Each structure stands twice: as structure tokens, then as C-alpha cells.
Amino acid sequence: MASYFENSSDALVPDALKGFARAHADLVTLDPEHGFLLSRTAAPSRRVALLSGGGAGHEPLHAGYVGRGMLDAACPGRVFASPHNRQVYAGSLAAARAEGVLHIVKNYTGDRINFGIAAERLAHRGVPCARVLIDDDLASDSADIASGRRGTGGTVLIEKILGAAADTGLGLAELQELGTRLAARCRTLAVASAAHTAPTTGEPAFPLAAGELEYGVGIHGERAQQTVPREPLNGLVERMTTALLDALAPEGPVIALVNGLGAVTPLELYAVHGELATLLDARGTDLARALVGDYITALDMRGFSVTLLAADEEILRLYDAPVHTAALRW
Amino acid sequence: MTTSTSHDATATDGWMRRFAESAHATETRLTSLDQQVGDGDFGTNLTAGADAALRRLDQLPGGDTDPAAPLEAAATAFLDEVGGTSGPLFGLLLQSLAAAVAGSGPTTVAYAEGVTDGLAAIRRVGDAAPGDKTLVDALTPAAEALRATPAGTPPDQALAAAADAAWEGVRSTARLRARMGRSSYLGERAEGIPDPGAVGVGLLFASAQGVVTDLDTHLG
Amino acid sequence: MASYFENSSDALVPDALKGFARAHADLVTLDPEHGFLLSRTAAPSRRVALLSGGGAGHEPLHAGYVGRGMLDAACPGRVFASPHNRQVYAGSLAAARAEGVLHIVKNYTGDRINFGIAAERLAHRGVPCARVLIDDDLASDSADIASGRRGTGGTVLIEKILGAAADTGLGLAELQELGTRLAARCRTLAVASAAHTAPTTGEPAFPLAAGELEYGVGIHGERAQQTVPREPLNGLVERMTTALLDALAPEGPVIALVNGLGAVTPLELYAVHGELATLLDARGTDLARALVGDYITALDMRGFSVTLLAADEEILRLYDAPVHTAALRW
Amino acid sequence: MTTSTSHDATATDGWMRRFAESAHATETRLTSLDQQVGDGDFGTNLTAGADAALRRLDQLPGGDTDPAAPLEAAATAFLDEVGGTSGPLFGLLLQSLAAAVAGSGPTTVAYAEGVTDGLAAIRRVGDAAPGDKTLVDALTPAAEALRATPAGTPPDQALAAAADAAWEGVRSTARLRARMGRSSYLGERAEGIPDPGAVGVGLLFASAQGVVTDLDTHLG
């Protein structure tokens, strides 16, 4: 018997969507037939709708980011599985503004294909559509991996910033250009001390000894390329921060996301944030903004990720713009 | 088997129905191919799409004379109701065919244009190139054959040429090592086995002439 | 080696507080010597300060609720241990308004004694002080338990509502009366499918077979009085809801809190919420407001709690008033 | 041992210093009592408070003539620097004593008032009643003894009477079954053992006269 609280493993995602739509009826509507969530509060100033989606199991991503100042629609697939192109197509038709719809897609083959098919269908219907591909995961930055870096924590920050940009009335090409620029300025690293519970077996998705850490995990419970011995938090965060700074070489302020992958506690996340802030201070990097909490998860994986986005004044201004969704508000 | 010098709604409807029959007739064989180079669900995915297409064909208004309608119905069925990688890709191909037919009528030129557009869409979406051991390896020669057919050629004859070219492409995939999709993880172990998605493309074009029940003659 | 990400087990709470204060420097200041957090944004209209606290390990409670419209100060103890009376005393002195300070205390012996000692000290200093005791846990409602019901999920709702009431300028006795009335109208039930990781051993705090559930757990990883076989979610939530409604017999609208105890996923919590909403609809109970998420946790326990508060128009109005803290905003 | 007909700052300072010495002299025995009925840390908690009090006494300005100051210093030490249940409860008692002395001078009446207030605070905070086998069982008779002492009695004599009453209370706890605090979980197993917190109260009052090194005479 699986250890998830559910009626059946097939029912969990649709049941959760129903409950989500009920809890946030002021913010979203659910189309249960096509399986997408639509914002009820998107700004009238938008000329282009923002739509994202991907496998379930990463909540609050993406459903939690539908609402004013962020996404117009979200299409959740089954757990860790791409949404069907039909969901994306139907959600895009429902959300599209006068100048079309921008797809924010995390770089996974299934997601690329299904969003791509939806985009082809939209083109047949005459609905303008463009894509921003998020590929911020530093651990998959390797010549061996033909499919490219995975999309992870950066998605949250980029969806926020693009939401604010869409509210200012930018057009499709401008939003795509901004999103692509943001993706290039964003890198993430994740570690885990225990795997998520596999929905099918109720057992940990992979074994990991007490003294070991997976260094460079993704958000689907796949093992990392490196298993390393545990070390005190300051050393671990220093290693991650150094790698991120080396990859990004930020010249201006940075925005940080210290993200829980599911079962890690807020105590630990805030301790990570403290170490990160101390390290950035010491290196003279301006930690201008930060989010600490569970923003993009991998079911109940026991781990965390650190994302840095090299910002500038314009990006900070967009980041600071008001947002009101189930999971992000200011 | 119908042969006519020009296609109409009856012809495109019959083509799609025969495609469904061909999928069912070869399902076991398709399953076993995908078991050898993939995850074994290609047969199920294709027949699921075929059945969904039949349901939609049956719902078209009787005496409908729009030759694009059966293609459009099949396209929507594959796009909306099939999971996996191949189903929606077949949907894209059928959608382009329907669009071309809706624009220029059910002519050889429209088929050539539709298949060319469909191939381009499939490549944009799936990022596979010829030689990657995917259905692109059957679709590329089929599109070339259609484009090479003179404009006045009856559509059935053009589609027969496309089928021949597609089967040739299918046979070529048996010699390839996969680079895209699931079978890419198998390396050498997939050599000698044709790509199931490519076989599906062969079935599609061949079904314009008649139902395919025996794959062996085509896989050679 | 413990499985928490930390520098050492003694350092986790102080490190987390430092990181929290850094991440939310716009909302709170930390007094590291005395160990309390103080709001930077409390409304000037308040005549009485609201202070809460308790063992760490329940984050975002209480630190996450310091800010405009909620707490003026929070005093976290070590993990699952009462804060020292000195923290409460010093925090109260720093936070107190013209008409004193209200202590919101969860009903545990250690917390009662330490808040009580602080109150005695405040009286010696001439600072008016009163207490609201939260004892909403239905599972500990038993004649055998002399110490009374434990304080759990209701704390979050009551701190929110009292915060709004304090902003309207109520006096100490009025706030105490309101808080006591709210506590009486609030009940919680919690279940768990796996214990939290014990900080000292890195092992689950208690064993639980795959097919079993602890029914009626608290927030300190103590076992429940009942171990029951797992069942589909709808049956489980129905059992909990029936017990809560029987205890409360609400005549008007209710506010619900569907709360994760740590490692349970948002998917599961929203599925719980969907079941709860369906049940309340069927019984004609007006589910007027709801919160779904991790609001009061037990480290990384795999479980959830359901809280119902029998509201009225006045309570709903206070609940709806704006709040801006690290963990709760509207 | 100092005996004087009226207390001053030297007297209260000496009292607190002797209390610290008594705690150290009996620490091992206190530890073993708390091991039998509690978690074994009472001896450590009491000496930690005593040492913190000594540090604060040493920091008082030399020649300070405020008799409440040593009591206040000890109160803050126990309130601020000791964990566990008993430390801060002793702090409350000392705080009430200091407040009464600050109000009415170091008189018998002030001590009676301070101990009575301190007991009330401890009961408000800890919810224990007489008979629950806690330090309340030593403090209650001590407060009664002080209140029964005529107003003109020298403070040392009044505190000696309080000590006698406290020790009587301590001996009574050996016959009780615990209802509050940790030892309540032990049921019958704690019978026959006096409550360590109550012993601490005996030590406090007895230290007004002199350092206690031998507990056995008092535990009887």
C-alpha cells in the first residue's frame, strides 16, 4: 500500500486539482474536462497570456502561481509526466490574449514535445504562440547530455518576472526575448539526503546511506551523478554557491531562491539561507532579493535547491511588482 | 480497394478507415517491435488512436462532401486522445494533410504540401533528424516521393509511390542505431530492428490503397 | 549522523533564526541575545501587543506569523522544548504596548510554566499581561489527561483573528476574552503515516508499518493513542470531519485549516481539502474560509491535521482583515 | 553563622551565599533524589542557579546598603539562567522576597509577605496544590510559620522557624505519591522518597542560619 494519502494513485492529481480550485475559487477556475487551471484575476493590461505546465508532484508549481501578476493558466500532467498536448492546446485557447500566448516550458523531452504539438495546433488555428525554455539546472550542464540542462527552480523566478512584464503590456516577441535572457542568467543546484516516496511502491525511489548525499539531483527523484559524504551545512552551501557563482559570474545584484524539495524543514531552509547570505556578503555579491520555502518540489524528497538569478535594476523592478497567487503574494 | 483518378470525401474517409484496420491487423507485431526497441506500447497507442478516429468518422454528418473532414477528424483523434510520443505526432501529420486538402482540394499537390508541412512540424516539435531512427526516416522519403510526383498524377498513384518510399525508409531504420526517443538508451541492442513509429508511417500511406495485414513483405 | 541539514544539532535553531531574520529583514528584527523576533511593521493602532512562542520544529509557527496584522513578537525554544521564561519576559518587555501584552500559549506544561513565570516577572515590572490558552486538539480530549487538550492547528487561526482584533484597538481584557472564546470554538484532529526524523538519532521517532496510520497525533512526534489500518482518503477524512463536527456542533459558518505536518505533499493536502469541502457541503455546513498548506508542522512528520473553527460574521470580518507576515499574507 | 536582631544588606548577601554553599554541599544527594523520582538534573539545576547568583552578588557595587539587592540578584540569576522547572520557580520566590524587602525593609513581616506572595506566584504558574509532592509542600508550611511569627520577632528567628516547618513539609513529601511534574509518571515507585524541589526549599530557609552540609538529619 502506497504511503500517500489518496483515494487511489490515479485519483490523487485530479482530486488535488478539485480541492485546489475549491480552496482558491477567488483566484482560479478549473476546467476538469481538459485539465487546466485558468486565472480569474489576470490584469486587463496584458496583451499576451502566460501559460506553463508540466508533471504534477512539483507543487506549488505551477498551479500555485496562477493569478494576478504571474500565470494566466497552468496545465498539470500526471505525477512526473508531461501534460498532454490537448491540455496545453485547450488551456492556451482559453487563456490567449489579443497577441497570443507565451509557453513557459521546463526543458524535458516530454514537455518540449507536448508543448510543441500544442503550439503547432495553435498555429493552425491562427493563435500566435511562442516559447521560453527554462534550463537552469547546473548539474545537467554536461557535454554528455544531449537534451541539455534540465529546468528547475529558476522557473519560479522567471514566471514571476515575466508575469510582471506581461502586465506592463509587452508583446509576444518581447516577452520571449526577456524570458530567454532570464533563463540564460539563472542557475540552480540541488542536493538530497533521501529520495521521494515512489507513488507506485510506497518505498523510497532510491536507497541512500545515512552518511551520504546526492549532489546535483533533479526534481523527478532521479539520482544525481554524484553521491558525496555528508558534511556540515556551511561547507555544503559553500560548494554549491561557488559552483553557481562560477557559472553565472554575476556583475550586479542577484535574486536567490532557497527551495525545499518536499520533506526538508523550514528550519533547515532558513539555515541554508543564512549560510548563503554570509557567503555572498563575503564575496561582495549583492543579495538583493530572496525567497525561502517550498516553491518547486519533488513530492516528498528530502533535499533543497539553491537558485541564483543575475538581476539588474529592470529585473528587480519587475520582481518587486505586486503578485497575488495561491503560493506567492506581495 | 478503391482506385480513382481524383479523391473525394468518400476516398479520404475510406483511407482513414483502412488505416485503422491496418493498425489492428498488425498490432501484435507492432507491440513486439516496440518491446524490442522501446517500451512496448506503440501497438496500443496506434490502435487507440485508430479507434478514436473511427468514432469521430462515424460522427461526421452523413453525406458530408468535405474531403478534408475525415482527415481533420482523424487528426483531432490522434492529437487529443492518444498518449505517448507517436500518437500526437501522427496527429500533427494528419492535421497538416487536412489543412492542405482544405486549402487546395484532395489533390496530389495538396498531399505533397500536407506531408511536407507535417514533417516540418514533427521535426520542429520532436527535434529528430533523418538517421535518428524515428518515424522521420519513413516520412522524409515519403514527402520527397510526393513532391517528385507530377502535378497531374492521380492521388492514389502518388500515395502508392509515397508508401513505397516510406517502406524503403522503414527498412533503412533497421540498419540505424537510435539517437532519439526511448530506444536511444539501448545502443547496439536496437540494431537490426526497424523503428515501430516508422512502420506506422508505412501503414498510413499503404492504407490509401488497401488494408495491410502482412508486414513481413514490407520489412523485408 | 542525523539526517537534518545543519552545522550541528545545537546550531540549527539559532542558525535558522539568523537566516529567517535576514530573509525577512523588512518584517522582523531578531534579538539574538534574548532569542526573540520582533515585528517591524505592527500597526500603531494597537494598544496591546500579541506575543506567542513555543518549541521550534513547528515552522512557520510562530516566527512566520510575526508582522502586520498578526504577532508583535515570537519566542522560539529549542526543538520541541518550551522557550525559556527569560525569552518570553524580554520579548514581552520589548513588544509591550501602552496596555500591555497578550500571551498566546499552546497548552503544554513547559510552555504554561515558562509563560507563567514571565507573566509574574512582568507583573513585578508593572507591565499588564494576560494569557489566551489554546487547547484545540480533540485527540487529547479525555478525562484521563489531567493536563487537558493540547494546543495545535487552531493556534494559527486564532493568532490571525486576534491580530486583526488587536489592530482595531481592543484592550487587554477584551482580547483575552475574544481569544478564549475562539479557543473554545476550535477543534483539530491529526493523523500521520510516518513519524518525524528524531534530531538526535536521524531515525524515525517511532516505527509504523506500511498499512498503518497513527490517528490523533500531536505536533511533537508522540504516538497517537490509536493506531488504525490505512483506508482510502474519503473514509479517513469523513471520520475526522464527523468527530470535529460532533465536538463543535457549529451553527454558523466554519473556517477550516488543512495543515501539513511536514513531509506530506500539497497534492495530498488539496485532496484532503476537496474531501472536507464535499462532506461539509453534504451536511449543510458553510465552509466560509479555508487555508491549505504547511502552517504548523512537526519537523518532517508525514501527516496532516484538520482544524475547524466555528465562526460568525464578526470573526469572518477579523479573519479577512489584511495580514502581511512571512508565512501568511492577504 | 550570623545572628542579629535585624537584617541588613550584609545579612541578605550572606544568606544567599550560604544558600549557594548548601547547594554545592548537598549536590550529590540532590542528584540522587531526582534520579529516584525525576530525571536526575535537580542537583545540577540548583547549583547552576547558585553559581549564577554568586556571580551576580560579586558584581553588586561594594558597600551597597540595599538589603533587597542580594535577593534581587539571586532572583534574576535563577529566573534568567536556569533551565528545568525548579530554577525559575525558585527565582519567582526570591523575586517576591526582594520586592517585599524593597517595600518594607528586611523585616519578619516583609519575609512573611514575600514568601506568601512567592508561593502564590508558584502556584499560579505551576498549578500544583499541597499534597502534589512538589516544592509547594515545603513552601506552604514555611509561609504559614512566617505569618504566625509575631511582628517584632528578629528575622533570623522567624526564618529558623520557617526552616523547621519546611523540613517538616519535606519529610511529608516522602509519604506522598506525586501528581505533578515528572515524578507523577512513576506512581508508587516514588513513595518513600522526599521531593528534591522541596528539599531545595528547606535548604533555602536553613541557609539563613548557616550552611547545610548534612541532609540526613533533616530528611529524618
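Going by the order they are written in, the chains are A, B, C and D; count residues from 1 in each one.
We adopt the following convention: a residue touches a chain if its C-beta (ideal position, glycine included) is under 8 Å from a C-beta of that chain, and two chains touch if they have at least 3 such contacts.
In this text, all values refer to a predicted model and were calculated from it rather than measured experimentally.
**Q** What chains touch chain A and also chain C?
**A** In this structure, no chain contacts chain C and also chain A.
**Q** By the touch criterion stated at the start, how many steps lie between chain B and chain C on the shortest route?
**A** 2
**Q** Looking at C-alpha means, what's the farthest chain from chain A?
**A** Farthest chain from chain A, going by C-alpha centroids: D.
**Q** Compute the distance, rounded to whole Å, between the mean C-alpha positions of chain C and chain D.
**A** One centre to the other, that is 36 Å.
**Q** Distance-wise, how many Å sit between the C-alpha centres of chain A and chain D, to the nearest whole number?
**A** 60
**Q** Where the centres are mean C-alpha positions, what is the separation of chain B from chain D, in Å?
**A** So the centroids are 93 Å from each other.
**Q** Two-or-more-chain contact residues of chain D, please, as numbers and ranges.
**A** Counting only residues that touch two or more other chains, chain D contributes none.
**Q** What topology does the chain contact graph adopt: line, ring, star, complete, or other?
**A** Graph shape, chains as nodes and touching pairs as edges: a line.
**Q** Looking at the whole structure, which two-chain pairs count as touching?
**A** According to the stated criterion, the contacting chain pairs are A-B, A-C, C-D.
**Q** Quick check: in the complex, which residue numbers of chain C touch chain A?
**A** Answer in residue numbers: 1, 3-8, 11-13, 15-20, 22-23, 56-57, 59-60, 64, 79, 193-194, 202, 210-211, 230, 232-234, 236, 262-275, 277, 290, 292, 294, 297, 299-300, 302, 304, 329-330.
**Q** Name, in rising order, each residue of chain D that touches chain C in their complex.
**A** Result: residues 79-81, 83, 85, 88-89, 91-92, 95, 99, 121, 124-127, 179 of chain D touch chain C.
**Q** Can you name the residues of chain C that touch chain D in the complex?
**A** Listed in rising order, the residues are 84-86, 89, 112-114, 116-117, 119-121, 124, 146.
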